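Each structure below appears as structure tokens.
The same chain A turns up in both complexes below, where it pairs with chain B and then with chain C.
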Partner chain A sequence: MELSNLSHSLNLLLPELTLSIALLVLVLFDLIFHHDKKIISYVALIGLLATGFFVINQFSLSGFAFSTGNESYRNFGMITIDSFGSFFKLIVIVASVIIVFFSLSSDEIKKTSERIGEYYALIFGMILGMLFMISATDLILIYLSVELLSLSSYVLAGFTKLRERNSEASLKYMIYGSVSSGLMLFGISLVYGMTGTTNLYMINSLIQIPHLNLFTFSFAMILIFAGIGYKISSAPFHFWTPDVYEGAPITITAFLSVASKAAGFALLIRFVKITFVSYIDTSGFWQLIHVFDWKTLIVVISIFTMTLGNFSALWQDNLKRMLAYSSIAHAGYIMLGLAVLSNQGLTAMLIYFAVYLLMNLGAFLVVMLIANKINSEEIDDYDGLGYSSPFLAASLAIFLISLTGLPPTAGFIGKLYLFVALVDANMIGLAVVALLNTVVSLYYYVRVLKHMYLTKPETAIPEIKTSKPNTILVLVLLIPIFIFGIYFTPLVDLAKGCITILGL
Partner chain B sequence: MNGFPILTFITFLPILGMIVILFLPKDQYRSIRYTALIVTAIQVLLAVVLLANYNYSAAGIFDAKSFQFIEKFRWIEISGISWLGTIKIDYFLGIDGISMPLLLLTAIITLIATISSWNIEKAVKGYFIMFLLLDTGMMGVFVALDFFLFYIFWELMLLPMYFLIGIWGGPRKEYAAIKFFIYTLLGSVFILLVMIGLYFSAQETLADGSKVFTFNLLALMNPQNFTATGILSPINPHNLRLIAYIALFAGFAIKIPMFPFHTWLPDAHVEAPTPISVILAGVLLKMGTYGILRVSYPIFPEITRELMWYIGLFGMINIVYGALVAMAQKDFKKLIAYSSISHMGYVLLGMASLSTTGVNGAVLQMFNHGTITAMLFLIVGVVYDRAHTRGLNDFGGLAVQMPAYTGFVTVAFFAAIGLPSLSGFISEALVFIGAFGTDSIRTLTIISTLGILLGAGYMLWTLQRVFLGKLNEKWTSLPDLEPREYVMFVPLTAIIIFLGVYPSAMLDIMNTSVNTLVNVVNNGIHTITLGGL
Partner chain C sequence: MTSIPMEYYLVLSGFMFSVGIVGVLIRRNAIVVFMSIELMLNSANLTLVTFSSYLGNVTGQVFVFFVMTVAAAEAAVGLAIIIAIFRNKLTVDIDKINIFKW
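The block that comes next holds the complex of A and B.
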């Protein structure tokens, strides 16, 4: 690799480099400042903001980094920088910044404040893994980034060690994770065996010529999908989700449910788009190479995922667990956008992710603030909350209504665009299934509202006071939900400008 | 109206009031109530101003030029790229002869419901916030001419209604509230799907000659706007338009509520507090039939013609079934709820006739039923407030104890039965005349007349059980009406009598529009020349 190539590549990797440096600084500061660990949170915040700055700087940029050397594919590297990737990186960074604020006010994390340095270092490890996942275009790098993300999250899931469930969550997460990443690795090795390369662009051009053993190839794809499906917790790889979400500290749960899922989806979308699309027709539909029927697989998985998520959520009494199932259902909705295999669907997914970030983090934030005070996430303990803490209850209500997808909240716009993409692709049956799922989901979201406002509490519960910074944080998540619900032009424009996935 | 955005004002005034209330202290009951009262009173004033400036000969329906008080500006504009056309959504308000009566009705019923809410003591602030939010949703539905906007207002009503029933309702309020919520969301989900389908089927030509997909209801009514490949285009050989029509109809029918989607209504009514029952029966039920007239009829005229017999059939079932079930009730409020189902059947029957007389009757019946049922629910509320029971067999001889009250009750009951010189008679008569004149549903009409008989049966029987006979010893201390209650009953009674004697006051407003609508459905939009308008 020549030096010019290296400097070109490093230039494209500025966000990742910044983050790595920040990670080192964090570890260093953790060693230096024994007594006052407070500063570490701020270092983390600064590191994230710097990374975010470089991500935003990259929005207009695109290119390939670390070309693998083969002359004919000299321009295609291991890492691809494009607006699609930048969008998802921004989602991850925004989520991370919010998670730092979460952690600052979380009681669970405060109780383990002497280990706060490790906590942030691990989170940064996760973020680094996610950033690489989002832009990796080489199967080896994909595998490594997934592992980097996974290993950090296994530890974080059991980080606080305050409850037995913490360790249980961690262990479960690791066992499921190892199996699925093993499967994925096996799939990758099969692909390598058949094509002789791990670069997605090269695979794309090699599978255009039909000389593959399609059965083995499909088998490999299903194995690789198992690895990614586990990250986005789609059925049938979702079994870890409720247990881990319930057991892990709530900051980590919130982070997993948004950022980790975003990275997983970015990986899945990029993988399908780069490896399998032969051309994009004039109406924006992706025409796939006929080696593997992604459409059927994703349609089936998405119906399965959202239905299972929604129906399981109906029976949950623990709010964290309910939100876990709800996040499974949302993964199902988002997959609809991929199932249509079109630019339209991709736009819808990006919109949905931006909205999902706001409403899901918002819901977790309020649940955390309440749990800080009443030490419980059980839905029965929310009785009468609407009267004792009107602000928090109303905010939670709005986040949940947005998750249901009722206007005039942004959740409606997210769903609307998904359904528009489906109808545009003539997949009306699928749209009907998704809409009926929405109706089912109403029941469990409104159940929380019922407990907060309709049910009389057995014992009077004290008012939950929120500190000024927390109030602001809630509002920061809450206000855009209304703004984007009523005036969604900027959101759609942003998403539409970010659908470039380099390739072809 | 010289550019004053009066429709926006009448729609969003409640939101303004809501914000004021939001900043009032929780225990300032008086100022909270008066804020709501002032807001709803101004709404009535604005409605009267609208009526005074209303042009009786403008048709509306599909012709943007003859809609009145139009406000239209671009709300969402997303520039297109190669694979995705430009998205343009308008903030488009306007009224015609079908929305004007319902707008009036909404303003009046909301004001009366506000007065009736005076004795709500629990969480007054929250109550009026939800109440005013609901008000905006209702007004918005009746003035929106863009499907997207219509849908937003339509959905806006769900959450406040859930809370209003769920928090301030009776013993089984939680069940009733969630049942209402899920039923209506199920309905609106179908509406949403058809809305998206229509969006991808029709293109509106803009001033600069470019064509964009549209949610504009008026543009969707013109068959020429549909694209050749659109999934809901009239030229499409598939039965998709039929399926879409049925889905849309089901969505609206849940709100009416039409048999067999009616089961949420008795629960919601029985559990809801009196003012909310009044709003529910007075305004919300009309949204279903209004939606059918505003959206289904003119956009899918050929399918409307095809299915009119079935609409009539369901109208008949509603009339007879509702009346029969009402007769079996022992709970005063439940009886009124089922009588609502029966009376909404007349609206469906009149609509199914596809004749000017019948549809006029249907729209008039929407208005009249709104006022009459509102009064009936207020009547139940008065007796429940005093006696804390609604059992029809618990009373007797109240006429002696509460003579003024009984006077109003008699007027409302006779109006509901359809006694000549009261408003209910006119609309029911028009419905029957119109429906009888249409050959295909004549048999259905004849069977439906049973409803009048049954209606007289349960109403008179109720009158007898509650108000006549020997006074039950328990109730010798019940006071007669207080001034606040007079304020609610007198205007409604006046409207009922006035429209019974002089129905033209209302019929003239709607006649031109109804005529045009019937014409559009029967002959298609191209046959109508708008000369002279």
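The block that comes next holds the complex of A and C.
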């Protein structure tokens, strides 16, 4: 590899490099400032903002880093930088910044403040894994980045060690995660054996001429989907989600539900699009190579995922667990956008993710602020909250209404674009199923509102005061939900500009 | 090397993979479950090396090095988590680690 190629590649990797340096600085500062660890949170914040700056700088950039192969394939790299990747990277970075603010006010994390350096270092490890997952176009890098993300999050899920349930969440996450990454690795090894390469672009050009054993190839694809499906918690691989979300510290739960899922979806979309699309027709539909029927697989899995998520959420009494099932259901909705296999569906998914980031993090933030005071996440303990602490209750109500997808909140816009994409692709039956699912989800979201506003508490609960920074943080998540609910053109324009996936 | 047909290696790795999956599903001791997971990873390694050798392509062997590193890291994290849970519950039996139920 010539020197110019190397410097070109490193230039494209600036966000990842910044993040790695920040990780090292965090570990170093943890050793230097072991008396007063307050500074570490700010170092983490600065590192994230610097990374975010380079991500935004990259929006106009595109290219391949670390080209592999011989002269004729010189253009295809291990890492692809394009606007689609930058969009998802921005989502991950924004979520991470908000999680740092979460952690500053979380009681669970404050109790382990002497280990806060490790905490941020592990979070940075997760973010690094996500950034690589989003732009990976080589099966080796895909496997490594998934593992980097997973290993850091296994530790973080049991980080506080205060209660039995932390380590149980951690163990369950670890076992499910290792099994699905083992399945994925076996699938990758089969693909390598059939094509002789691990580069997605080269696999794409090799499978255009169907000379492979289609049965083995489909088997390998299902195994690889097991690994990705576990990251996005889609239906047959979702069993860890409720347990881990309930057992992990709430900051980590919120982070897993947004950032980790975003990275998993980015990986899935990029994998399907680069490897299996032969061309995009004039109306923006992706034409698949006839080796594996992704469309049917994704349609079936997404129906299964959202139905199961919504119906299981109905009888949950723990709010964190209910939000876990709701996040499974949302994964199902988002997969609908991929099932369409068109540019319009991709735009809808990007819009949905931007909105989902705000409303899901907001819901978890309010649950955390309430749990800090009443030390419980049971829905029954929320009785009468609407009168004792009106601000928090009202914000939670709005976040939940947005998760349901009712106007005038941003959640409505996300769902609207998804359903329109489905209808435009003549998949009306699927749109009806999704709509019915939304109706089901209304029940369990509104049940929380009923407890907050209509049920009389058995014992009077004190007012929950929120400090100024926390109020501001809630408002920062709350106000855009209304703005994007009414004035959504900028969001839609941003998403439309970010659907370029290099390669086609 | 070439005297042994490729299929033999693939059948062996498929068998190892199946043993790994069955082990994860039926064994109740967390440490044995982790051993089964290692078996799954190693079967994938064997497949990669086999294909690499028969295709005359070095990528698969490079991949195996990465997988071995990841497997080591996974074992370290996994054993640490098992120790954490043993301190709390004094058992590593998966059936007894059951606070969460749906």
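Quick notes on this one:
Heads up, the rule we're going with is that the second predicted complex is superposed on the first by the 503 of 504 C-alpha atoms of A that agree within 3 Å, B and C clash if a C-alpha of one lies under 4 Å from a C-alpha of the other, contacts with A are read in each partner's own complex, and residues count from 1 in each chain.
Here, a residue touches a chain if its C-beta (ideal position, glycine included) is under 8 Å from a C-beta of that chain, and two chains touch if they have at least 3 such contacts.
This one's a predicted model, so the numbers in the text were calculated from it and none came from an experiment.
After overlaying the two complexes on the shared chain, residue contacts for A:V27 are found with neither chain B nor chain C.
With both structures placed on the common chain, the touch criterion links A:G182 to chain C but leaves chain B unconnected. Legend: residue contacts after superposition of the two complexes on their common chain; A:V476 is shown touching neither chain B nor chain C. Contacts of A:V291 after superposition: neither chain B nor chain C is touched. Of the two partner chains placed by superposition, A:A50 touches none, neither chain B nor chain C. In the superposed pair of complexes, A:G158 makes contact with chain C only, with no contact to chain B. Judged by the touch definition given at the top, the superposed model places A:K496 against chain B, while chain C stays out of reach. Of the two partner chains placed around the shared chain by superposition, chain C is the only one that A:Y192 touches, whereas chain B remains out of contact.
By the document's definition of touching, of the two partners only chain B reaches A:I428; chain C does not. Residue ranges on chain A touching chain C, taken from their complex, read 139-140, 143-144, 147, 151, 154-155, 158, 161, 164-165, 167-172, 174-175, 178-179, 182-183, 185-186, 188-190, 192-193, 196-198, 242-243, 246-247, 312. Every residue of chain C that touches chain A in the complex is listed here, in rising order: 17, 20-21, 24, 30, 33-34, 37, 40-41, 43-45, 47-48, 50-52, 55, 57, 59-60, 62-63, 66-67, 70, 73-74, 77-78, 80-82, 84-85, 88-89, 94, 97, 99-100, 102. Residue ranges on chain B touching chain A, taken from their complex, read 75-79, 81-84, 87, 123, 151-152, 155-156, 158-159, 162-163, 166-167, 173-174, 177-178, 181-182, 185-186, 189-190, 192-193, 196-197, 199-200, 231. Against chain B, the residues of chain A that register as touching in their complex are 280, 282-284, 342-344, 347, 387, 401, 406-408, 412, 416, 419-420, 423-424, 426, 428, 431-432, 435-436, 438-439, 442-443, 446, 449-450, 453-455, 487-489, 492-493, 496.
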